[in-house]
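See the structures that follow.
Across the two complexes that follow, subunit A remains constant while its partner is subunit B and subsequently subunit C.
Moving on to the complex of A and B:
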């Protein structure tokens, strides 16, 4: 069941894992809102990356929830994060109490986003040196809380994201970051979210249905694939929109009107 | 018009004048500025290789894409990679723009695995210092063309990133010093307009002799850009868009041009819209299922209709038909009167307005005071 492709995987251009995993590298932005949380997309991607068929590494930067939270959810989905962590396939960076020192921590390498970046790059380097060509995914949950940790300096967050982006080109990593769109809605010029949209190659947007909530539809996802001609991958679908229903241990995806 | 831009960049600067400069501007609704930038870069490169252009080399300041991306881009455009070092220099502001990696290596947290800088790529570790950046660009250009009269072009792949690290005044100073440098043939840069204040974009537009504006095919009317109700709109804008060009001449004349583009696997394709200019006037009337315009016959018939009060005041008694049956005889009489009149005009057609009252229960209009039962 879990290896079969669903609409989300198709929209993201992920395949069954037969081809070279490094070809599926992407810069993915997930946008959600208060009414419709998109954290299930993150969980889905963790599970996909950690499936027994691949040897991928996930570097998870958590600003939002502690390890036990993700562990419980993923266990229900049939993926044991503790085991994966011991196997060095799941690196959990707990940033719940991160506080950036004033002045961006420029002078020293201790603390702040610079230190965090150092940890990520180190993990990536170690993995590349030991694990060969296995794919690496860096996930950040979520950017708005990172901005809080950076004392509200969105510029500092963008610098950090840029450095993460250089990892994608240097080591072929994927980068997945979650942000909340509606917290920027009243701003005159919401630079951070716009910058992230420019940066991302694929944007997944989770929204409630326009008509409000329905008992068997929990929201809709819009996947926008900018398909930047950056490398050999060609993605057939550029845009799609479908509904989803979150169940106890999986999520159903379907086109509007295909369920009664 | 993309072609005329490339031609202007190819022809370069006149002796003693500023080099032509191009601002490529886009917004999130149509984020294809990088495609246009890549197109202009590839065109200029092939012009340089064919020795058709004034400039003999390009200094590319890479802020938003890695140098290897551009090398791959030129390679896929069929340009010989082995000759690249003769005419291309890349200032790498992408890999380590703030010196974080350098500092981490010093601290010992990471080892340096970054690709070694080759003779055509030079690493810049502090983008915030624009004076240094400016002198680096000039230095690399001189490496390419020598000290003499040769000229080179400057391409900056994201003025937006530059503006994030430095103030608009210092960026403007950098661009203006590049334009006025005697060895610079032309310059172009990319800007995401919605990330900056209007003030900032207009400063850069003033400094450029050409502006290429990438716009969506159809603007979303409501502010909720991402709402999925606009899904079809998004889809429409995901491959195509409008390309507006403004070129300023030396004498102050401004030329506006307009093209459309679509994104294909091989790159960006421009199509002119002048060929179907006739379509524009026709399409001013929206295409609908019913007629919005009258045919000639219908217009004549409408002109013949005698409006209800038109005939009054020509000596006949004034009669107002209120729909009651007992006036029917009078009405037919009136109509026959009209018949005569129309026939004397030697016009067989006849227009009339037929009005039936909804029901007989309704009280006909009268001069009675509707409020006379009020006890005041």
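Moving on to the complex of A and C:
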């Protein structure tokens, strides 16, 4: 087994293997900023979910990058998305050109997202009917672009995300969303990011180092694990902070100053 | 930790081995990307080869100075020299007039500026055995010099582009002033990009889209922030699926801060330009060569298509200088160590493995 545990998996509580019940029914929110992109966390989670030991299904809603981009990256990490797609374990929904026209206002805007939800729901239902009790992960690679597609009505996006959350209770899916934190930092009170942060069980935040970026440290991750699913005895929030360095096929994680 | 360390990939693409493109103006980069030149040799070097095809480049303007035009002019000229289709949109009434201000390439024969570099290098007295390597390196970057057009030209900002580059080509000029919404503009862009579908095997040409001062107040849509965002998003997805590069300049102060952040997130490559004040005593003391500078260029983000590894540059701020008052060069700032020293000490001792240039390619 060359799958080494790293700090990120530990912080997420994924270190007990794939059949860990805490992996399911989870809303995981990834936040990043212009200086430091956190898309590598998504890649890591895709690879983990599609590992050959599990039979999990990943529904990937792409707003930011096309399939070829993810395919190339995951291939370098040792995971062939084309094969997984043919095996019906990876469902890629290309939403790069999703437009919700502003002409008719609310109705069409909601329509586009409703269609998307319908697709996701159908995929989940089919998977539950045929695949039995395998775990399902729904990933959205850029919530802020979903807002753009919905023409700025974050309420529709919130509705959509709430719908997705019903899937977690109904079918035991887990959700992984990526959003850009710095967009909302200048806003007075942004319901979208506040609600998402409230609902999320785990928040992963990627930031640059205060001293700037260096070739061997690409940034820092803060993982806040609210740990509610662990039971009543560990109700306190677990928080970890560590640095990372991204490589083509893996990411190195290390505590500040522990690097020689 | 140790396990992940040893598992470094055994197959890394050697760029010099990758086939050089037969089409002038295109260059193969890592991860299956193809570069086109930005028209500024130094900027190409900084970005690791140029702008990658399918990427969206955004330049944040200085509202009080036209430095972004320098970047645009070189970018457009370079495309025209390579006979690449061009779409240019600007908020002026007569966008075609701007083509008259494009700079002309300096012919490699009377290329004194490059000679000048080598001349300076001679001060080091390079042994003759090694001189051939030196030449080779230059050759590598410049592309095929003999006969065929170079990948990246030096441009003389004082000479207008020769007429024959402007005629008989596909140049589309659009004024952004008249249109009330962005739908027609989007259609023009998609029609332009439809001629350049993405072929992975055989690329014949690459298109360039240049949009100047996208959210300028003279455009009627400039208060429709979400429409503009949605336009940029759809332009990005269109460009991604075609053989083209889009460069958009915008004054970030004219849109609200959160929207400006969204724009920055949408950009694959994000640059910003800033003028420097004429008589700033403090800056003049801090920076060497302050008199020659015309402005500063910041590299905020470098496109990373098909890869997750970020490009970490050694320096992100560069000074823009006009060499001999005609060609634009970018240089690292030579400044007193204020931020720099603390930054390197934070990264643990001895951990600094090589420069960023190698770090970008070996994994």
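One rule holds in what follows: the second predicted complex is superposed on the first by the 229 of 260 C-alpha atoms of A that agree within 3 Å, B and C clash if a C-alpha of one lies under 4 Å from a C-alpha of the other, contacts with A are read in each partner's own complex, and residues count from 1 in each chain.
Operating definition for what follows: a residue touches a chain if its C-beta (ideal position, glycine included) is under 8 Å from a C-beta of that chain, and two chains touch if they have at least 3 such contacts.
All of these numbers come straight from a predicted model, not from anything done at the bench.
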Legend entry - Overlay on subunit A: subunit C relative to subunit B, clash or fit: fit
Inset, instruction - Quick one: classify A:194 as touching subunit B (first), subunit C (second), both or neither. - result: first
Legend entry - Touched partner set for A:207, first subunit B, second subunit C, both or neither: first
Legend entry - Partner chain(s) touched by A:40 [first = subunit B, second = subunit C, both, neither]: second
Inset, instruction - On the superposed three-chain arrangement, identify whether subunit B or subunit C touches more subunit A residues. - result: C
Inset, instruction - Go through the superposed model and pick first if A:257 touches only subunit B, second if only subunit C, both, or neither. - result: second
Inset, instruction - Between subunit B and subunit C, report the minimum C-alpha distance in the superposition, expressed in whole angstrom. - result: 14
Legend entry - Shared contact residues on subunit A - subunit B and subunit C: none
Legend entry - Complex contacts: residues of subunit C adjacent to subunit A: 1, 3-5, 7-9, 31-32, 225-227, 229-230, 233-234, 237, 240-241, 256-258, 261-262, 264-266, 270, 300-301, 305-310, 312, 339, 342-344, 346-348, 350-356, 359, 363
Legend entry - subunit B contact footprint on subunit A (complex, rising order): 31, 109, 114-115, 117-119, 121-122, 125, 128, 155, 158-159, 162-163, 166, 169-170, 181, 189, 191, 194-195, 197-198, 205, 207, 210, 220, 222, 224, 226, 228-231, 234, 238-239, 241
Legend entry - subunit A - residues contacting subunit C, complex: 2, 4, 6, 34-37, 39-40, 43, 66, 68-69, 72-73, 76, 96-97, 99, 102, 144-145, 148-149, 151-152, 180, 182-187, 209, 211-218, 246-250, 252, 254, 257-260
Legend entry - Complex contact set, residues of subunit B against subunit A: 28, 31, 34, 66, 68-69, 72, 94-98, 100-101, 103-104, 106-107, 109-111, 113-115, 164, 192, 194-195, 197, 226-229, 231, 234-235, 238-239, 265, 267
